[in-house]
Amino acid sequence: MNVMDTRATSAMLYLDGVHVSFDGFHAINNLSLALEPGEMRAIIGPNGAGKTTMMDIITGKTKPDEGTVLFDGSVDLTRLDETRIAELGIGRKFQKPTVFESQTVQDNLLLALNVDHSVRGTLFWRGSKGESERIDKVLETIRLTDARNRLAGSLSHGQKQWLEIGMLLAQDPKVLLVDEPVAGMTDVETHLTAELLKQINKNHTIMVVEHDMTFVRELGVKVTCLHEGSVLAEGSIDQVSSNERVVEVYLGR
Amino acid sequence: MLLSCFALPALAGPFEDSVAKFANDEFSDTEAAVGEVASSGNPLASPIISALQDGRLSADPGSKKVFITRTDGKIVDAASGAAVDKLPDGAAAVRLNNRLRRTVEAALGGLTLLSPDPAKRLAAAQSVFKSHEENLLPTVESALAKESSKAIKQAFAEARAAIILFKSDASDSDKLDAVSVVKARGDQEALALLTGLGGDQPPLVAKAAASAVASIQSNLAMWSMVQNAWYGLSLGSVLLLAAIGLAITFGVMGVINMAHGEMVMLGAYTTFVVQEVIRTRYPALFDYSLLIAVPLAFLVAGAIGVLIERSIIRFLYGRPLETLLATWGLSLVLQQAVRTAFGPTNREVGNPSWMSGAFDLGQITITYNRLWILCFTLAVFAILLAMLRYTALGLEMRAVTQNRRMAASMGIATSRVDALTFGLGSGIAGIAGVALSQIDNVSPNLGQSYIIDSFMVVVFGGVGNLWGTLVGAFTLGIANKFLEPVAGAVLGKIAILVLIILFIQKRPRGLFALKGRTVEA
Amino acid sequence: MTPHILTRSLDRAATTFILIVAGLGVLIPLSNLLMPQGSMFQVPTYLVALWGKYVCYAILALSIDLIWGYCGILSLGHGAFFALGGYAMGMYLMRQIGSRGVYGNPVLPDFMVFLNWDKLPWYWYGFDKFWFAALMVLLVPGLLAFCFGWLAFRSRVTGVYLSIITQAMTYALLLGFFRNDFGFGGNNGLTDFKDILGFNVQADGTRCALFLLSCLALVIAFLICRAVVTSKLGKVLIAIRDAESRTRFLGYRVETYKLFVFTLSACMAGVAGALYVPQVGIINPSEFAPANSIEAVIWVAVGGRGTLVGAALGAVVVNYAKTFFTSGPLAPYWLFMLGALFILVTLLLPKGIVGTFNAWWEPWKARRSAGIAADEESAAREDGIGAPNPAE
Amino acid sequence: MLTQLTHDIATMTRRRALAAAAGLVMGLAASSPLSPAQAADDTIKVGVLHSLSGTMAISETTLKDTILFLIDEQNKKGGVLGKKLEAVVVDPASNWPLFAEKARELITKDKVAVVFGCWTSVSRKSVLPVFKELNNILFYPVQYEGEESERNVFYTGAAPNQQAIPAVDYLMKEEKVKRWVLAGTDYVYPRTTNKILEAYLKSKGVAQDDIMINYTPFGHSDWQTIVADIKKFGSAGKKTAVVSTINGDANVPFYKELGNQGIKATDIPVVAFSVGEEELAGIDTKPLLGHLAAWNYFQSIKTPENEKFIKEWQAYTKNPKRVTNDPMEAHVIGFNMWVKAVEKVKSTDPDKVIDALPGTEAPNLTGGISKMLPNHHITKPVFIGEIKGNGQFDVVWKTPGLVAGDAWSKELDGSKDLIGDWVEKKCGNYNVKTNKCGGQGS
């Protein structure tokens, strides 16, 4: 490693030797993973493999017991809290769609825009043309233009998933962590979501956690399979799904 | 005894006159009468004076006659010992005040030093130790020589030492011996005796006494730490008892039950009703009243708990803060209902004999009621823990709290489990009320004084964890009792509250919080 | 049902509310002072004082609604801030008594004289000046809320835990102020006030002026709350209320937001307390009682959590009921009624009076009104997204 | 937002809102009684201001019943000035500001001629300004800390010199007490009483080391440490006594702990000023035998007046076990004094009645005649009673005659030169040294 270079790695997101345990249960066990800038990576793995916990670690919700977590090659994420990490440019979509249900779709996006997030800034906030144009654009991308004034709580499940992805877009982070984006979607919606993610990937780094193999296949990106808190296999979807151990883990043999 | 009774009238004269003084209803005359009767040597003296002490001595001011109501209910004339059919109409119990009571105790001490009853002898020795009447020395010495029981012998020796210490003409060496006997006793009464010696002692004795005082004091100071720890445990057990039901309703179910204190109150009132029935119908059962009250209180409070759950709380699941408001309203209603039914004043709940009094362990006093409450609390805790772990209801309860939908799909009647869980928590609060009725007021306000403390205990210990509640209660109890002598009761309590606030900052989910993402999800 | 109708109608409700409060603030004093005693149109002085009290409670309710209704912070210790504001004002009024106290001591309040204190404790300095006391009315509750909130929100104490430690806070203060050694008059508190800014506190004119001031304070508090909740900050608060960690992952410093509204709300509660004291004539530790704080939360729940008008209305309705039921033949039963009210409201009217009214009234009105498209546009403007006004 | 507001204000809402406000004011005005004179014609209204709910209900409910009973009796005798008395009962709910509000309501709305009420000092302090402002009469029936004499208040309970000082005298003389524990609840009555007692004891040569003062919060329930401390303090070889000003609710656990830790009255007697028959009704008194209380009245006192009163009271309440206590007697005396004064001036006008009350005499229930003094306190006998096994007291000592209540304690530096005199000086805090009335600016 070059000492003179402040960037320890070229990776956008870099996890090395991460351990986390809850009351003796090893949720993450010597996990190492690197995401290159502009890459889209699909993470698969059975329940309890540590997928969501890994996202918790990256976004600062959970602090690892040991290990390195670097963002953009130089920023140590283990020392920062959620807000700071979000400000740096890591956005996250939750497993269960989490939108602000009692506010309108439009307001949801407005809240997500990466503008001044200080108390002063919001108290004396005035809308600008630029902001409303960006919101319009996002609304169009996520196909919710007609629903802009509806309460987010009244949206269908799939629409909520999209709204949350839209909020990520409005946030415009460098890295998007997307947890199960197509859970509960129809086939058509799933297909559209895959298209959406591919489109977003053009100028963002993305990490997708998903169970749906058809969807992962459709994304057509490098796949990492987690098991018991560490990486079991990595490669193209075909490589991974033909890996014996993966099959074993998935089928429980 | 009979013989002397018949012989008495012939002797008559001064003794009769002395006895007649009891009928004057003047404390000074009564005091004189006690002295004269006690020193008369008359065999009736001891029965008269013990009757006086127990309030069984009555006098008729008209005829100046004095009567003893014997413990078996028979009535005799105090002066003659002759049996009497019934008390005359004007007769009233001879009155005592505290000074007289002390005189009576001392007189009785002298009279019963040689009693055949060992318990009376022990009491007599102790009363002589306190009164150190000089003229009793010969009696004490002869009693000491005759005594066979080791414990009573010790008491006589101490009584003798006390008399010698205060006897002006005793020799220095006797007094020094006496000091060491008293020093060996080492308790607060010994300290009181030695510090009360006065300045006219020979220098050698004074010095020995001073060093004995110092040694007793340092010994007592050490014991006071132990005592604080015991008080802390006992306060902790009260806190635990009050909080344990809440640990179920709040900790396990997540229902913020502000009417929890009222469940405790209902338990206490159940005890009152049980005792009232026993008092009027079956007085012999009084000592068992608490045993009867415990299951009844559990049923009463539990049934009301189930009723509350079915009629109010079940509509509010998932809205914890609204439950708080509704149960607060409920607590007002319950309080006022009890106030209307039983009146606003305190109700008397008696202590059964096995819960009264205290015993000494080393130099600390342990009161039976506190000890029993501690045992009782631990027993309730153990039973509850076992119930949650080993019974079907316990299993269902845990299943429902961990994953309601899953439990429902596995065929558990979740709404029944909810009702029973809430009933269980309330029932335990009712049991707590039985115990608390022994140390606190039984009034409509009873519950309110425990509700905040209970919440603090549960939150401090960690919601959803019974062991946390246990540790939390005892920690807070002991901390409180060690702070109290230093800071005073009020500041101590404030300090505890501030500590809890700061502690919650450090561990936002209490002492024994579950970690992991499931908790926060 | 489109949301903007709700927004717009709330605005109308808000205007109506402000006008009613302002109207009462002017008309009641006028009626009390100008109409002849005993006339049909004269509001007797005791009612002026009574309604003054309700108005102060309404401000307290607003302050609670701001944090609970909009930010999800359930403080069960808001009575503490109210009482601290009250004590700050009480201390000023105490110093104003001067040598007219029973012992005639020009500096020391009576209770200090009979506790044999020879000089004023340092924390009583400055309270002889109104501006200082007025500053303290804001500062003391604000500072306490700031410190408490800084500790609590930073370590993410939320929900029930927060509610319970706020109870612990007010309970600790209760015990503290009960102590005579603290120098705030112990259980008796501060009472027997003579005058405020040179006016006799018991004079009808002063009472009317205080009432007017309270109404004014209510209007200002209402406007501040409206300004906060209708700004983008208000949207962030609601976001925090509904999904706190989501808000955090969007890059908002949640603890700062909470601290801001919590402190603001505490200051408002302090002002309410300060106006309350001269009208009621006494401030003592029982204002710190945990039960008082819970009751104040219940006013908000009854009126309608998350609607500012509802909070104020709830305070007035519940307290009027209390006044009404504690007199006459119903007196022994009023706790039953109060308790039943709380239970019934939470069970049957979970949105409170105003919330339920809105839910019932708005759809009905929406069906009647036709120009939905036009409305939508104006709603978008209100939300400040559609067409930002360059003139603003 | 503000522009939006101004816009809205300009619309029709304004008129409607203003109309609503005006309507409200009209409603408010109309809710006050239309013609007060009408109400005053056929009956005389008597206000009863005692808490019926909350923490103080435990003590005050009985006093409400007492006044209702007295009014009932008086009406049987034909009322006052040929009119029936009518009780107006309100519930201030143990809430001090509510006391002031209710007092105001009683006087302004219900137009009562007199109010009987309050128990705690703070409730009295809370209503004081109201009575002064609206010029009405309050009869306050509870023993209190003194240091007050107001024109509109008549204090029928004991001042410290009518309860505390005689009790201490008794203990010194009869029990030869040399060491004192002054234990109280931390509020103004115990604070002041203990201050007075401390000064008094020192004037009698008691050393500072022989006085232990302890304060506990309201409703204190864990007495283990304090009782142990008292025990320790009592083991210094001198006769020790506890003077307790512990407030109502905390007494039961206190006495239970005393009994359980084996402190008997013969070892360390406790003399209490706030424990009466009503409080003892909630305790098993057998372990408390011989502990003392100082009052101006005991139910067990055998006088014809008392026996008649108890009989009628128990008949009225339909409860043959209903106890009587000292504050009830104070209300009886106060009520009779008020009736006499009203009949004397043939008016219920507060000014006239206030002027007529000093000097008015009324029999108390213990065989004497109490008199209202110019300082608005009354003369009372002082009794020391020992607790008996049946929850009653056995009177072991009494003052030879009646003791006049001192508004201002002679033992305190701040008040030793003050007197209350509403007859000659028209002043509640007249300084006899400077000859000035303190309250009106010196």
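Lettered A, B, C and D in written order, each chain numbered from 1.
The rule is simple: a residue touches a chain if its C-beta (ideal position, glycine included) is under 8 Å from a C-beta of that chain, and two chains touch if they have at least 3 such contacts.
All of these numbers come straight from a predicted model, not from anything done at the bench.
Engineer: If you tally contacting C-beta pairs, which pair wins, C-D or B-D?
Structural biologist: C-D is joined by more C-beta pairs in contact.
Engineer: Going by the average position of its CA atoms, which chain sits the greatest distance from chain A?
Structural biologist: That would be chain D.
Engineer: Centre to centre, by mean C-alpha position, how many angstrom separate chain B and chain D?
Structural biologist: Spacing between the chain centres: roughly 31 Å.
Engineer: Measure off the straight-line distance from the CA centroid of chain A to the CA centroid of chain D, and report it in whole Å.
Structural biologist: 71
Engineer: Centroid of chain A to centroid of chain B, CA atoms only: how many Å?
Structural biologist: 64
Engineer: Hey, what residues on chain B touch two or more of the other chains?
Structural biologist: Residues 335-336, 490, 493, 520 of chain B each touch two or more of the other chains.
Engineer: Among the residues of chain A, which ones contact at least 2 other chains?
Structural biologist: 61
Engineer: Residues of chain D touching 2+ other chains?
Structural biologist: Each of 52-53, 186, 215, 217 in chain D touches at least two other chains.
Engineer: With touch defined as at the start, can you tell me which chain A residues reach chain C in the complex?
Structural biologist: Chain A residues touching chain C: 59, 61, 82-83, 86-87, 91-92, 94, 98-104, 106-107, 110-112, 114, 117-119, 122-129, 131-132, 135, 149-151, 167, 171.
Engineer: Contact residues on chain C for chain D in the complex?
Structural biologist: Chain C reaches chain D through residues 11-12, 14-24, 27-28, 31, 35, 38-47, 49-51, 53, 99-104, 111, 113-116, 175, 178-180, 186-189, 191-193, 202, 226-227, 230-231, 280-282, 284, 286-287, 323, 326-328, 331-332, 334-335, 382.
Engineer: How about chain C: which of its residues touch chain B in the complex?
Structural biologist: 74, 148, 151-152, 154-161, 163-165, 167-169, 171-172, 175-176, 178-179, 245, 290-291, 294, 297-298, 301, 332-333, 335-336, 338-343, 345-347, 350
Engineer: Enumerate the contact residues on chain B facing chain D in the complex.
Structural biologist: 27, 55, 95-99, 101-102, 105, 188-189, 191-197, 220, 224, 227-228, 231, 234-235, 238, 335-336, 339, 343-351, 356-358, 365, 367-370, 438-445, 449, 481, 484-485, 488-490, 493
Engineer: What residues of chain C sit close enough to touch chain A in their complex?
Structural biologist: Of all residues in chain C, those touching chain A are 2-4, 228, 231-233, 235-236, 238-239, 242-243, 245-254, 256-257, 260, 376, 379-380, 383-388, 392.
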